Amino acid sequence: MEIDLLKGSSRTLLNRVLLAQETWIALAILVLGLVVSMIAPKFATSGNLLNIFQNACFIGIMAIGMTPVIISGGIDISVGSILGMCGVTLGIVLNADMPLVVGIAATLAMGVLCGTVNGAIIAYVKLPPFIVTLATLSIGRSLALVLTNNQVFYEFGRASESIVALGGGYTFGLPNVVYALVVGVIVLHFLLTMSRWGRYLFAIGGNEPAARLSGIPVDLIKISAYAFSGFMVAVTAIFLVGWLGAVTNSIGTGYELQVIASTVIGGASLTGGFGSALGAGIGAILVETIRNALLLAGVNPFWQGTFVGCFILAAVLLERIRSVRR
Amino acid sequence: MEIDLLKGSSRTLLNRVLLAQETWIALAILVLGLVVSMIAPKFATSGNLLNIFQNACFIGIMAIGMTPVIISGGIDISVGSILGMCGVTLGIVLNADMPLVVGIAATLAMGVLCGTVNGAIIAYVKLPPFIVTLATLSIGRSLALVLTNNQVFYEFGRASESIVALGGGYTFGLPNVVYALVVGVIVLHFLLTMSRWGRYLFAIGGNEPAARLSGIPVDLIKISAYAFSGFMVAVTAIFLVGWLGAVTNSIGTGYELQVIASTVIGGASLTGGFGSALGAGIGAILVETIRNALLLAGVNPFWQGTFVGCFILAAVLLERIRSVRR
Amino acid sequence: EEREFALVFKVLNNAFSPPIQAGCEAAAKKLGDVKCTYIGPTEYDEAKEVQLAQDMVTRGVAGLGISAGNPKAMARIMKMAKEKGIPVVTYDTDVLPEDAGLRSTYIGTDNYEFGVALAQKVLAHKKNGTVCIQSGAPASENLKARVQGIRDTLAGVTKDKGVETLTGQNGWTEPAGCPVYNNDDITLAAQQVRDVMTNNPELSAFVAVGGWAQYAPEAYKQAMTPLKARLDSKDLVVVFGDNFGPQLPLLAAGLSHYNIGQRPYDMGFETIMALDKLSKGGTVEPFIKTGTEICTPEDALTTCGKVAN
Amino acid sequence: MPVLARLEHIVKDFGAVRALDNVSLDINEGEVLGLMGDNGAGKSTLVKTIAGNFQPTSGTYVLEGKPVQLSGPADARRHGIEVVYQDLAICDNLTASANVFLGREIMKSLGPLKVLDHKSMNQRSAEIFRELKSETRPADLVVRMSGGQRQAVAIARTRLAKSKIVLMDEPTAAISVRQVAEVLALIRRMKDQGLSVILISHRMPDVFEVCDRVVVMRRGRKVADKRIAQSSPEEVTGLITGAIQTA
Amino acid sequence: MPVLARLEHIVKDFGAVRALDNVSLDINEGEVLGLMGDNGAGKSTLVKTIAGNFQPTSGTYVLEGKPVQLSGPADARRHGIEVVYQDLAICDNLTASANVFLGREIMKSLGPLKVLDHKSMNQRSAEIFRELKSETRPADLVVRMSGGQRQAVAIARTRLAKSKIVLMDEPTAAISVRQVAEVLALIRRMKDQGLSVILISHRMPDVFEVCDRVVVMRRGRKVADKRIAQSSPEEVTGLITGAIQTA
C-alpha cells in the first residue's frame, strides 16, 4: 500500500488491495500453511501458529524499524550490532540492580543513540549508508565485547522477574511481544500515511534533491529514520532479553540480512520511495512460516536456506511484476 | 586511478597519483606500519610482513573479483557462499580420487556457474543485485551443507600433495597465493584500462540506459562481471583449500562484508562507475595490517572491530574529499 | 507406537554435530521403537535454537535432549516441557546450576575440568613461562569455562578464586594480543596460529580449547614445522582440544603434544538411552560423564579417537 | 514600479569557479523579467541565490527594503518567493497533490494529533490544476505523467501561497507548443495579479512575448539590463554570444 | 529525391498504450525532416523505432528498398542510422572521447591482443570537436562539462561513421541561443553532405529555419506531412494542438 494510493486515488479499493504486495505475501503464507497442514497436521494447531507468530516478532519489529530507512533510500546493516549493544546495555544496567524502568530507558537511549550516530554520519558527512552502517556493524559488535568484557549476564537484580515477565510473558493468551509488533505496525502505518514525517520520508526516497529544494529538512528526517530504526532495535532487545533471560554479546549476529530480507519481501524497494509498515511484519512472518513448515514437514534442515532464498527471489519478482502493472 | 584519467588527461601524472585513493591507502598502511614498529619491533620483520601479505591474499583475490561487479553498479554479497560451494566442490571431486586438474576445472566451473546464475537473474529478470545475491547467499550456504552432508574433507586422494603444494607452497620465497593476487591485479588492471569489456563496465556503471542505447550488450557484460567474480572466488577457494588442507562447508561465512569493505576502501563506489584493480588489493592489505598491528601492539582483541570500522569510515571519507577535489 | 526423541543442538554447521547425530541415530536404531529427531540452527543463533526447542515442546515429542546455547532461555523451555510431562536431559552444554532441577541429567563433559586437563598437560612439561590461549566465539559459555579452567590451573588457584588474564601468577603470563578468538572461522584460526608463532618466538605453551586451527591441517603444519626442534625438545608445549580426524595425523607427527577429545558420539547415544529410561518411568544419574580422551603422538594413529570418529 | 527585491554586488564562488561576479539587479513589482545567457552563464545560480538555496559569497540581498540572509528555500518562501526549478524537482513516487503541497502540507486535527489532510490537499490541488487548465488528477502518481502534466505540477506549487516573486528556470524547455502557450499565458496572468516573475529561457520569442525587461548574463556577469521595448532579438543574441560587449 | 527509408503502417503498443498508430513515413536522401507534436504524441517512440531500440508491434520498415528487422541500436548503426537521444545518453564518469566512441572503440594490436587505442580515439574526437567548433577536450571527464559541451559530445558520436540518417531528438531543448545556432548550422552542413536528418523539436523557428519538410504527430498518429514552403507556423501549431484536424 503506497502512501499515495491511500486517499482519493482513481483506483478502486479492491484494485488497490489486489495490487498490494502484502496481499500476495499473506496469500503465500496461507497457501504454504494449507499445503503443510496436509503433510503435518500439527502445523495448524494453535500452539504452533502462536510459536510462528512469536518467533517472527523479533525480526518483524526490527523490520518495522528498517522500513523508514529503506523508504528514505538508505539501508541499515548495523541493526544486528545495535541489537547487541542494546542487549548488553540492558544487561549491564539491570545487573547493577537498577529498576526495570531505568534499564528500559537506558536501552532505548542506546538504540536511539546508535541510530542517530549512523544517521548523522550519513546525513552530514554524506557517506553512503551501506558503508557507514557496515563500519558501525563492526564497531558495535566490538564495543559490545569491550563493554561486557565478554561476560554473559544471567542476573538482573531486582528487575529479574519483571523483565522476564515482560519479554516472555503472555497477556490475554498472546505473548507480549506480539502486541509490540502489532502496535509497531499500527504506529508506523499511521506515521507513514498520516504524518508529515512519513510524507517526507517518501519524498526523500523518491527524489532527494527535490525534497531539499522543497525546504524539507532532509538531514534531520534521515537522522530520525535511523534513530527510529535504532529505537525499534532497542525495543526488540528488551523483549528478546526478557524472553531469553540472558544477554550474550553475540546476540543478533547476522540478523541484518534477515531483517532486510523481511522488509524487501514485504514490498519495500532498496532504491527508496516505497515500503509499508504492514509489509515488514508480514515479510517476517513468511520467513518464519517457511522455517517452521519445513521443520514440521520433516525436510532436512540443511535445505532450509534454499527455500528461504527462493522465496526471497519469488517475492521480489512478484513485486516487480506488480509494479509494472501498477 | 580511474580508467579515463589514464591516457592523455589534462592533469599531470603526479597530480593523478596524488589524487588516487590507492596512494592514500598505501600511505595509511605505511604510517600504521611505522607507528606499530615503534611499539612492537616484531611488526617489521620479514616473516610478519609475509604473513600479513599472505593473509590478505584470500580476501584480496575475492575483492579483485568484486571490483568489476561494483564498477558496473552491482554488488555481490553471495561471495562467501560461493566460496563455500567452490571449496566443497573441490573437496568432493578430489576426495573421489580425481586428478588435480579435474578438481580445479570443476571448482572454476562451479564458481563461474554460481556467478553466471547471479548475473543472469540480475540482468534478465532485472531484480536488484543486493536482493538476488542475498537470496543466493542463503541458497549457496544451504546447498553446501546438503552436498557435503556436513562432512569435513581432509583426504584429497592422489591429488593430496599437489593441491597442498599449490595452495600452501612457495615459489622464489613467496607464497604461491601472492602471485595469484599480483597476477589478478595486473590482469584486471589491463582489462579495465585497455579492453572493451572494462570500458563497457564503466559505461554501465556510469549510465546504464546510455550504455544500452549505445548498443553495448549490457546484459552480457553484467553477467560476465558476476561470472568473473565467481571465477575469482573459485581461484580463492583452490588456494585456500590447498593452504588449509581441509574443506568444511562453513568456509567463507561472513566474508562478503570483508570483501566489500576492501573494495570500497580501495576506492570503488557502490553507486557504480568507479573502482580499480589495485585498490581492491590494497584495501584488503590495509584491513589485514590493522588486524595484525593490533595483535602485535597488544591491544585487547575485542577492540579490533572498532579500529577496522573506523578505518572503513576514514577511507570513504577520504574518497569523498578526493572526489570533490577531482 | 514409535517414540520421537528430539535432540536440539546449538549449531548444525560444526564438526561436533555429525558424531552427535550418528550417536543419536545409532541408539534409536538399537532401541528399535525410537525415532531420533536431530535439529538445530544451521548457523549459530541462540534465539533460533530456543525457538526450535519450543517448537519441539509444542509438537509434543516423547523426550527432549538439549544443548543449551543460551542456558537461561533454555531453562524456560525446559520448564514448559516439564509442565507438559516431557522428560528433558541436557547434553554437551548444561543449564546454570540453579536450573539443574529442570533436567533429569547432564550428559557430557565438564568444561571447566576440560580446561584444567588441558592446563595440566602444559604443567607436566613447563612450570612457568608464556602461554597463548586460542578460543572460538568469545561469547560461548563452554569455551569460556575451558579458558577459565586453564588460567586457574596455570595460576595455581581454585575455581572460586578465578583469575582474569595471566600476568605473572605462578610464573605464567599471556603475551600481548592473546588470547586469540577466531569466531569459529578456520582460516582465521590457522592464520592466528602462524601469527602468534611468528611474533612470539619464545612462547612456552600454546593451548587451543578447540580444534579449529587443526581443521586446517596443512596450514597448521606449515606454521608449526619450522618450530619442530622446539616442539621435540618440549621447549614449546602445544595442547589442543578435540581429537577429530584431521587432527590426529598432526599429533602423530609431533606438531602438538596432546589432543584432549570429547566424545560427541557418546553424548548423542547416551542422551537417547537416558530419554528411553526416563520415558519408561526410570531414573538416571544426575551427571553422566561421557568423559574425555587424552591422545598422545604415540597412540594417535592407533587406539585414540576411534570413538569420536 | 516599486522595487521588491534588490541584489547589490552579489558574488558567488564554487571553489575556484566564480559563478556570479558582482551582479546587481532590481526586481520590480508586477514586472516580468527575462533572464538570458549562454549555458553556464550563471542564470540558475542567480535564481538559486534569490531563492535562498545558495548564500552569496559576498554582496547584499535586500528584500522589501531590508537586507536579508535567507537560510533556505523554506525561508525564502516565507518571504513570498516561489521557484519552478529547471529540473522540476518533483518526486515521482508521490501523487500530484502530494508534490504540490510538499513541504507545506495542510494538516488537520485528529484528537490531540495533527495529521495530513489528504482531502483538502486534493481539493485545493484540483482547483489549481483547473485554474491552470491542466488535466492533471491530484491523486495520481506523478511517475505516470507526461512532461506537460509534470510542468503543471511544478507550476501549481507556486500558486499555493500569496507569493510576491516567482522564479521560473526554463519552464518551457521541453514542453510542446501548446503547453508553451499555456505557460506564457499563465505568466501574464501572474503579472496581472501584481506578481514579479523572473523567466529564465533560451527561447528568444518567449522572452520577447511576455517580458517587460531583459537581463543578459555572460560568464557570471550581468552585461545588459534593458526594457524589452528598447531592445531586439538581434541585440540580445549578440549580447549572449559576446558579439556585443555590453548594453 | 530517392527514398532512403520507408515506414509502412507502423503500430507500436506499450501494454494498453498505443504510442504509434498506423504511421507511414518516407525519409528522403539529403532532406531535413522536422517532427513536431505535443508531449506524448509519440515522437520519441517513432525515433526509437527507426533507430532499432523498439521493434514495431506491426507494420513494415523498409531500408534502401529492403524490409528490415533491426535487432538493436548497433544493428541500426550498421545500416547507417545514428541518433542523438533526447536525454543525451552520456556516461558522466567517462571522458568525452570515451563517450564519443562508446560501443565502437578503436582497437589496436598489442602482440596477439586487441586493446583500446586511447590515442587514436582522442585524436579523432579532437578533430570532430574542432569540426563542430566546440571547445570540448577529449580527455576530460564529462561530469565537469557544460550543457553545450555535453550536446557536442552527443552530436560528435553521429560524425564517427559514414552515416546516412541522423535522428536528433530535441537537440536544442536546453541549450543557449549561440549553441542553437551552431546545432542548426551543423544540421545544414549534414544535409549538404547528402545526409537525411530527422529533427524533433518543440521550437517552431528552428524547424522552419532548417527543415525541408514537417511531419506532425498527434496522439500516436501522423496528422500532417507537408513541405515547409507550403506550410506556416500557424498551421503547424493548429495541427499540434488539434485545432486543425489534418493537413
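As written, the chain order gives the labels A, B, C, D and E, with residue 1 at the start of each chain.
One rule holds for everything that comes next: a contact is a pair of C-beta atoms (placed from the backbone, for glycine too) under 8 Å apart; a residue touches a chain by one contact, two chains touch by 3 or more.
Computed from a predicted model, the values in this text were never measured in an experiment.
With steps allowed only between chains in touch, the distance from subunit A over to subunit E comes to 2. Steps from subunit C to subunit D, minimised over paths through touching chains, total 2. Relative to subunit D, the chain whose mean Cα position lies farthest away is C. Averaging C-alpha coordinates per chain and comparing to subunit A, the farthest chain turns out to be E. Averaging Cα coordinates per chain places subunit A and subunit D 42 Å apart. Look at where the CA atoms of subunit D average out and do the same for subunit E: the two points lie 31 Å apart. With centres set at the average Cα position, the gap from subunit A to subunit C is 34 Å. Within subunit A, contacts with two or more other chains are made by residues 145, 150, 254, 302, 304-305. Residue positions of subunit C touching 2 or more other chains: 12, 42-43, 138.
Every pair of chains meeting the touch criterion is listed here: A-B, A-C, A-D, B-C, B-E, D-E.
Residues of subunit B touching subunit E in their complex: 2-10, 193-196, 199, 202-203, 205-207, 209-216, 273-274. Those residues of subunit C that touch subunit B in the complex are listed here as 12-15, 17-18, 42-43, 138, 175-177, 179-181, 184-187, 190-191, 194-195, 198-199, 215-222, 244-246.
Those residues of subunit C that touch subunit A in the shared complex are 12, 39-40, 42-47, 50-52, 54-55, 58-60, 70-73, 75-76, 96, 137-139, 141, 144. Put simply, subunit E touches subunit B in their complex at residues 53, 72-75, 77, 83, 85, 87-95, 98, 102-105, 107, 110, 115-116, 118-119, 122, 137-141. Those residues of subunit A lying in contact with subunit C across their complex are 42, 45, 47-48, 51, 55, 58, 145, 150, 152, 154, 164, 168, 240, 243-246, 248-251, 253-254, 292, 295-296, 301-302, 304-305.
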